[in-house]
Amino acid sequence: MTAHEGVGWSRDEMAERAAMDIPDGAYVNLGIGIPELVATHVPEGREFIYHTENGLLGMGPSPEPGGGEPELINAGKKRVTAVPGAAYFHHADSFAMIRGGHLDLCVLGALQVSHDGDLANWSTGGPDAIPAVGGAMDLVAGVKTVFVITQHTTKDGTPKLVEACTYPLTSPGVVDRIFTNLAVIDVTDEGFQLVQLAPGASYEMVASKTDAPIKPMSENPAREGTTP
Amino acid sequence: MIDKRIGTPAEAVADIPDGATVMIGGFGEAGSPIELIHALIDRGARDLTVVNNNTGSGEVGLAALIKERRVARMICSYPRTANSTVFPELYRNDEIELELVPQGTLAERIRAGGAGIPAFYTPTSVGTPLSEGKEHRRFDGREYVLEHGLTADFSLIKAKVSDRHGNLIFNKTARNFAPVMAMAGRTTVVQADAVVDAGDLDPECIVTPGIFVQRVVEVTEPLQESELVAQGVSYP
Amino acid sequence: MTAHEGVGWSRDEMAERAAMDIPDGAYVNLGIGIPELVATHVPEGREFIYHTENGLLGMGPSPEPGGGEPELINAGKKRVTAVPGAAYFHHADSFAMIRGGHLDLCVLGALQVSHDGDLANWSTGGPDAIPAVGGAMDLVAGVKTVFVITQHTTKDGTPKLVEACTYPLTSPGVVDRIFTNLAVIDVTDEGFQLVQLAPGASYEMVASKTDAPIKPMSENPAREGTTP
Amino acid sequence: MIDKRIGTPAEAVADIPDGATVMIGGFGEAGSPIELIHALIDRGARDLTVVNNNTGSGEVGLAALIKERRVARMICSYPRTANSTVFPELYRNDEIELELVPQGTLAERIRAGGAGIPAFYTPTSVGTPLSEGKEHRRFDGREYVLEHGLTADFSLIKAKVSDRHGNLIFNKTARNFAPVMAMAGRTTVVQADAVVDAGDLDPECIVTPGIFVQRVVEVTEPLQESELVAQGVSYP
């Protein structure tokens, strides 16, 4: 049930595609995992300022392997750098930025996204799972635009884009746009709206791997490729 | 490239409309963005709600804005100070509205507004006329009053140095309300004594990170309110 | 009705007497007026750290006349200095110190103090008065020990220490100790308790100028001169 | 003379009793006051409630405190991280209690506790299992949940430099929770890489004013958690 060879975007291409939709000058928070790769794909002529919730605005690229400092890390606890114009601050100020609506955009991973924009990305709710929420609930509650980057399905082919999340929610109704290995999809008032297909992917393929209705591009061509 | 610099105070306040809520930094003259206030007077916006700890002194800066009848309503903690005659006269004539807020509650309401906190409980003002009509509630046997976050359409503040990202440092007790007003303003306009390039400020010493700032104007030799008052200057 | 010549403490002596009751190492906020004079009377061998609510911990003495800077002022908007070890901060942090119970002691002026410890010091409530509260309500709500320095009566001889305040309250039940020109008086669970008489003052004089019962020292000699 | 210096980590934590609530700074290893935590292990206090963003890694620092069964209850946002095995095992065996709090709510609850705010409303966690059973309320058409301030008997934090008054500066992202925990601890104990005289720090750059600090211990070359974990070190 995995995507065919040569079909769709790689993790890196998904991140690159998401970066294309971030406006110049945006203040951006990147979640752990594929979202972290977005930082390596700033489109020509644009400048983003990356926020990491553990107290740094102006996060720069990873240091050389083996380099960096243990007290200069990102939210994923990986070593990072700081760009000229960076600022350090404490956790309450950092989440004041988030909760107060000062960040333009965040890019998060997902376990499930519903066609109402509900996001589940912190817990499978399993009896043996150690619940761990971090800053995800704060980010979706406060950041103006929420992007999700995720594989279109789990490894065993189960759709992650669904009518209703079965996992515990991170927040209801918060996701604006989803970047998967197969497509770019908006969450609209009428549910999922296909915005763009990955190379080799078809509407039928995307629809068959999505557990909720999804409108093809032709029904709403004006939206294609726009930034929410 | 991110560059928040704007050429003149006039351009920086050119879109402040009638009826706007405007936070203005400063505690007395310390930290008062006097050039931005004078530009706002020139701009002509009326019916403003202004948040400031005081009401200005003499007939310059905030006092001049009030004297020109641009302020419909003041939210402040201490509307009378030395050389403050403009506000008292209008207030006694019912020509300006006053919401009196304890200073710490004012600061916390502004921070809350900027931090996405719609309301909080505080012990300050319980048992006094200033908490009358407000919701009270006990926590751990002590009585508190519910207060609401404050936000503004525009915040006008003064900094010592800004970089092109809007990262700010301040001068001594001129810092006062500026950092929290920067958080609470949907558009925060800064006048800085100096504007430098990104990276020129120590990232450990930045007080207000640039995310809270939208516009920066360099005003290299700002007027000092007390000097103008001593000289009997009246603006405009 | 004013105090007799040579009877009682001067403004400066009242401040000096109050300073004697501030423990070594205390974090102290001084209100506007006579309380400001306390700073000039630090007893030998003690170190206090003065907080001014407009954003300075480690406030130092006034600069030379004509000196100082317009952006280094105290809560009364007078020019001050900063001592080695001082720190600047914004207003919300400053009042977090106050409201959060981090200050050991404040010294305030008063219009009236009741024998229950109610304080009225911000408004006469008159129809033409411009109400102005400043930080007084925050200070009494948050600071551990509240001292009041005040003349024992108004200029026309009206008592300021009363059974019930007629002016609008700053807060009910907050005053611990009162320093007047005639006496040091504690507010106890049973009302006013005389602690010390000023030179030339008698219990009868103090009692006659106090509009509430006041216990003489002999009833509770152990309290004399102690710090609350 | 005000001098908050204490000779050793052991002396600095010698009075932490059984059953205490202890806030411990750090986000992962960055800012973790590892020498103070090890001193707390040596001290032997049990039945602690510990507030930290995580639960430590390997078998040193916070993870070692948990492994020694000193922690009855953790309040944190993210109890599993790389090399975090101690907490998960105890949690699955019902040997430790967990209060899971969104990271921003945790930071704000700690700040509120330190600022004398008993409770506040936040949009975070509305519509999720983490707000179940909590009071909800609408402001301006949006739903919020009531959260309570957090205080601690002791806060243990790490700073880069302290002066003898307890004024602190931090190192990069090791700052994280330390300033708000310093506010919320009735007794705040700091381990600093260096302790200097009053006046040696720039008063404009002090992050935590000394009023929030009660004890300072100099630990000139602090252990680094990730190095110890890589070496397979287990404390004690």
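Each chain carries a letter (A, B, C and D) given by its place in the written order, and its residues are counted from 1.
What we mean here is this: contacts are C-beta pairs under 8 Å (C-beta built on N, C-alpha and C of every residue); 3 or more make two chains touch, one makes a residue touch a chain.
Small disclaimer: the values here were computed from a predicted structure and weren't measured.
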Review point. Between chain pairs A-B and B-C, which one is joined by a greater number of C-beta pairs in contact?
Key: B-C
Check your understanding: What is the distance, in whole Å, between the centres of chain C and chain D, each centre taken as the mean of its C-alpha atoms?
Key -> 37
Review point. Approximately how many whole Å separate the CA-defined centres of chain B and chain C?
Key: 30
Revision key, fill the gap. So chain B residues touching two or more other chains come to 108, 111, 115-117, 122-123, 170, 172, 204, 207
Practice item. Among the residues of chain C, pick out those that touch two or more other chains and give their numbers. Key: 82, 88-89, 92, 95, 98-99, 141-142
**Study point:** Each pair of chains that touches, named by its two labels
**Key:** A-B, A-D, B-C, B-D, C-D
Review point. In the complex of these two chains, what residues of chain D are touching chain B?
Key: 108, 112, 115-123, 139-140, 142, 144, 148, 169-170, 172, 202, 204-205, 207
Review point. What residues of chain B sit close enough to touch chain A in their complex?
Key: 1-2, 111, 113-117, 163-165, 167, 183, 197-199, 201, 203-204, 206, 209-212
Study note, to complete from the structure: In the complex, chain A touches chain D at residues 52-56, 69-73, 77, 82, 88-92, 94-95, 98-99, 128, 130-138, 141-142, 168-172
Point to revise | Residue ranges of chain D in contact with chain A within the complex | key: 27-31, 53, 77-82, 87-88, 91-92, 98, 100-108, 110-111, 122-130, 170-180, 207, 224-226
Point to revise | chain C - residues contacting chain D, complex | key: 25, 27, 47, 49, 51, 57-58, 82-89, 92-93, 95-103, 141-142
